[in-house]
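Remarks on the structure that follows.
Going in written order, the chains are labelled A, B, C and D, and every chain counts its residues from 1.
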Amino acid sequence: MNKRILGAFLTVALGAGTIVGIGSYVAAAKNDSRVLAATPDGTLQTPQGNLPHYTLDMSVYPDSMFGGHGKDGGPHPDYVSYGPVTNFSVPAHSAVTITVHQYDSGESITNPFFAKVHGTMDGTMTVNGVKMSEVSPKTVGHTFTLHGLANGKDQLFVSVPLLYVPEEEQPESGYTKTPSVTTFTFITGGEGEYVWNCEFPCGDGTYARFGAAMSTMGYMSGHFNVVNA
Amino acid sequence: MSDLQTKKPQWWKSKDVKITAALWVVLSVLIGVISGIVNSRPMGQPASETMANTIHIMKLFTWVSAPVAGLVAAIAIKALMQKMHFGDNPPAEADHQISDSPKATALWLIVSALLCLFALVFGMVVLQRDNNTLLDVHATDVNVTGQQWAWNFDYIDNGKFQSEDLYLPVNKPVHFHVTSLDVVHSFWIVQMGIKVDANPGYITETAVTPTKIGVYDLRCAELCGLLHAYMQKKVHVVSQQDYNNWVTSHGGTI
Amino acid sequence: MSTEVNTHHEHPDVVGSRNKLGVVLILVADIAFALSVLFVYFYLKQQDVGGMWLPRATEGQAATVPANAIGAWYLTLLAGLGLMTNTYALRGARSKNQTQINLGLGSAAAISVVLFVYQIIQMRQVEFTVTWGAYASCYFLITGLSVLHFFITVFIGIGNWNRGRMGLYSDDFWHIDIVNVWWIWMVVSSLLGAFALSNS
Amino acid sequence: MTTVMNHKSPTASHRPIMERLNVVTALVLGIALAVISYYLASKFLPENTEGSVMKTRHDQIILIAMFGWFIGFMTGIGALVAPVRWLMGKDLSHDENMYLAGKNAGTARYFRYTTDHKVVGIQYLVITMVIFGVGGILAMLIRTNLGHAEGGWLHPQAYNAVVGIHGIIMIVGTIIMVTGPFGNFIMPIMIGARDMAFPRLNALSFWLIVAALAPILSAFFLGGITTGWSAYNPLATQSPGGMDGYIMFICIFAISTMVAGANITTTVVRMRAKGMTWTRTPIFIYGTVASVALALPAFPVFFLSQVMSAMDRAAGTTFYDTRGGGSGWLYENLFWLMGHPEVYVILIPAVAALMEMAPVFTRRPLFSFKIAVMGIAGICGLSILVWAHHMYMTGWAPLLNAPFMLTTELISIPTGMLFLVLVGTVWRGRLWMTVPTASIFALLLNFMIGGITGIYLSDVPADAALHGSMFVTAHFHYTLMGAGLTGAIAALIFWFPKMTGRMIDKQLSWISFWLVQIGFNVAFMGMFMVGLAGQPRRVEAYAELFTRGNQITTGAAFVIMTGMLVLLWAVIYSWRNGQKAPMNPWQSKTLEWSVPNPVPLENFETLPTVTSDPYGYGKAQS
């Protein structure tokens, strides 16, 4: 085979190689591959009958120093952040109970709609042991809002406000010993890829406070996969 | 095009012209039919009169432009049908020096101007029809709020309740007042063929009358940041009865 | 002002007219820029989104009071003066009068410096900052543009005066002619600015 | 003269600064200044005040550093030599100008501030290919990510960054792809001139683009351009530091287009050969001038919109922030005031280049030269009146939709004229089948599809269903890539012999042509399908019902990639050891083929005189 044709093939191979290389670099660079799977916890009596029950624990911190982002809080130590990871997976057609420890302070939310509970079983949540269906829009710390694509499959929408920890209860350094603990249960449909994010504007110093931590994967948003058990 | 040879007597008897004309007819029909199907198939069944009009108008435009496309294709194919010359040196010069043809150009200009005018008038008519639904006094008013990266809806006519889902009664005009809390989003109900941007600081309006019971898609049509792809919702069009039940179940009033 | 590389001894007028056309075309771009600045100003003024064109006083800050436009009109007059001096120098060049060239171009350069400094002084005198609403933003956009314009004018003015001083314009003086075009644009642009700022 | 040159030879001990500057000094000075200004800015800029609405310090530092790079690079490359000499009243002598033109400089002249239009043309050709390389890689990342439903390979953030940079860098690539390489190398010879009107501005326009590439590429590492190529505000105000790279890139590029536009237009208006009346001026010249002249008023508007964007980000102004009295609609208006003329800036020279080739490869006169000129002029005239058809659905002024619908649909008339000219020319010609010839037919097909889908989109009710969907993406790829890029590649193959002195490899370029054209049409047909079905643009994940269409597109995208890479190899191979080209391989009648290969420094010994129009092909009827 002469130089001309060989060169053509080589160029194509090189080009494809470059694309694969750069591609996997970009994919790896921005991907937080760590996924937290829900832990089974017997079964639960729900309106839809007796479903397998799973639980997930997560926390919200006022910064990224809790270690989930590497030493010294990684690239953005001052970003508010969920932890320990931001990607979760839960089984399909089952009841999932999520417990969120909220360590951050807060203030008025821009959209009171997200101060109410949406899409949980019987429309309520339990905050520090108290059952409630909404918190005052003035006392929201963050929200956990789960949503996904509109397609042939059934669509999950769960949104829960997380009560703030008042400024005065915040210690000088480190995290408060008394985070607000929010527990809520919802029923997953069929398998599918969802995302969750915080709807409380906490990307300080950016337009509409939705940049920075809010627009960076691995902080206040992530993937939430419903998989067939 | 065949006016090119008006200098010759009875140019229409020339073989080229006959073949081209035949090709033209065949291709125009083919293009019209095929692209008609190609257009309407993916768009699926319309869920509103607006969407029906849109599909109709696109079919129409296709058929209007088919003869033009057909003519261009016919001439191109006719040109390609001749014996082609490959190789490193040019073929013999063409057997003519025609560098202009007032009749052909005039004809072309007039025809394209007419087609353009037609498309325009027709578009205006449909546009007018759509605007009218905005003015319907019986319409249900719904405030739509876009926020990175979720929608929510205020049913201000039914006792001011909020909802994360969009439920609409069938065959009843709905009037959307759309706004945004942060960046520009775009409120798009795919199968109903309506769309309007949600701008921060402004309220924009659009209206539609759903004509078919079913579940449809609301998608954000303007890049709005990190999770733009997931800023989607299902739109439920239900019977008046089911709608009332849904409203009362959400603490609204009929 | 770029001159022709391969001048096979082209006549200065040919080169001159060519350069003039080039400068005019570049001015077209600059004019488009300035006009869109006006568009921004009047669009935001007409929209007055949320009444924030001129925000009322809040506990945080005082109400935004439009800057006095009279300063902008002074700038326009100064620019007109600059244009006159440059035209005077052009006349001098036509009549082969070296002293007139020096005098005209020298004062034109001086005026350009005055324009530059005076505009900056005006910007420092307003009692609002860039963050005080749409008018404030537009004010600093307009004045900022004219600061840039006057900076270029200073460069051209001084260079031109220097070249005149060195007697480069004794026989072929199309540079002065072109700089005249620039000065005309300076007058017009500061006029536009003054017009806008007078309609706050 | 030669003695003078010897005196100036590189071996001479003390060379003036002017002769020491080249791309190396430019890079060194640019990086140095960037680092210094970055250091100073981060040291002396005030901290963000506690509780300030916008944290602006970060953007201030980035912009200052990038500005430092820009100043340093342009100084280092020697852009300031002439202005300073002008200021000092010591204009460059003839010999110095000859040095700048790259006399006896060999390949070194490609790496410095060389004013010879042929050097600049080659430089433009290479930079265009580099830009397309980057943009192409990003395109493949996009398609690979969309290979299966619900995305996942790239995270949304990375995906948005890739989409944004792909968009803007490809737009810039297509803007310069014809007027850059061929408008600079071929155009002056075609009109019988010795060089451009302003050779130094010519070099300036090129090196500005090189300087602009650093900010846009650095955007990758500053969080990316997460807004798509249109960078709508206020989203752009919210985006990470990559946006500052975009802003800087656009500002520098706008200056480059302005300079190039003034230069090319002046050259054509003032420097055409004796006897080359406007009716004897080749159509490609009209195309080039129309394109750059249209860019002259268009790009400053874009420039301004980005300056304001920078002020919003770095100074805290509120041009686009509604809470401060700004308006997102303001940005959209400014952006599309440039955005729509810009697509014709891209399209017209490419179509004009094919019109230039049509008579050569059909051995008959161009059909209706007048109509061609009218068409180009008509498009230019109308294109500045149609911008708001991108804004039908924004709700900024519903009452204006009808008039803009009118102007938009009127454009189909002058566009139709271009079709008329091309089909009229292939009608009863003798086809000489080469890749450029085939490209003419490819353009007729692609441009027809792009045009008709454009008619749908110009109609407000239809646009309500299609705006912001993949349909739009497919539509403008059909016009910019299917029509524009096809024409540009044909132009490259057509003028390759004159630019490199060698013929481009026939077989390879044919293979590339078929791979690209087939791949292209399959790929974007699939995209039309998903668009009609309702898939939005710029989405990292999509519902499963769009899977098939997207997989078709992705598969075909790899075919396009293969074709483009084959073309790349064809260019590299033929440039190095293709067969030597005769002076006029296509037996064309335009002036650029009347000069020997390689083209001598000043093109013509004695300036030619034109006595007839350049399309006198065909045997006169007896």
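Here, a contact is a pair of C-beta atoms (placed from the backbone, for glycine too) under 8 Å apart; a residue touches a chain by one contact, two chains touch by 3 or more.
Remember, it's a predicted structure, so these values are computed and weren't measured experimentally.
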| item | value |
| --- | --- |
| Dominant chain pairing [most C-beta pairs in contact] | B-D |
| Most central chain, Cα average position | D |
| Most widely separated chain from chain B, with each centre as the mean of CA atoms | C |
| Where chain B and chain D are represented by their mean Cα positions, the distance between them in whole Å | 30 |
| Centroid spacing, where centroids are CA-atom means, of chain C and chain D in whole angstrom | 31 |
| Chain centre separation in whole Å, for chain D relative to chain A (CA means) | 42 |
| Distance from the mean Cα position of chain B to that of chain A, given in whole angstrom | 38 |
| Residues of chain D touching at least two other chains | 53, 156-157, 226, 234, 238, 322-323, 327, 329, 541-543 |
| Overlap residues in chain C, where contacts from two or more other chains coincide | 49-50 |
| Overlap residues in chain B, where contacts from two or more other chains coincide | 182-183, 200-202, 217, 219, 225-227, 229-230, 232 |
| Chain A - residues contacting chain D, complex | 3-4, 7-8, 10-12, 14-16, 18-19, 22-23, 26-27, 29-32, 149-153, 192-193, 195, 203-208, 210-212, 215-217 |
| Parts of chain B lying in touch with chain A, wherever the complex brings them together | 145, 147-150, 152, 162, 164-165, 181-183, 200, 217-219, 225-227, 229-230, 232-234 |
| Interface residues, chain B side, partner chain D - complex | 1, 4, 7, 16, 35, 38-39, 42-44, 50-51, 53-54, 57-58, 61-62, 65, 68-69, 71-73, 75-76, 78-80, 82, 84-86, 88-101, 104-105, 108-109, 112-113, 115-116, 119-120, 123-124, 126-127, 130-131, 178, 182-184, 186, 188, 190-191, 193-197, 199-202, 204-206, 217, 219-230, 232 |
| Complex contacts: residues of chain D adjacent to chain B | 151, 156-157, 160, 226-228, 232, 234-235, 238, 322-323, 327-329, 362-371, 393-395, 398, 401-402, 405-406, 409-410, 412-413, 416-417, 419-420, 423-424, 426-433, 441, 444-445, 448, 452, 455-456, 459-462, 464-465, 467-469, 528-530, 532-534, 536-543, 549, 585-587, 615-621 |
| In the complex with chain A, residue positions of chain D that touch it | 48, 52-55, 137, 140-141, 144, 150, 152-158, 162, 223, 226, 234, 237-240, 321, 505, 507-508, 511, 541-545, 561-562, 564-566, 568-570, 572-573 |
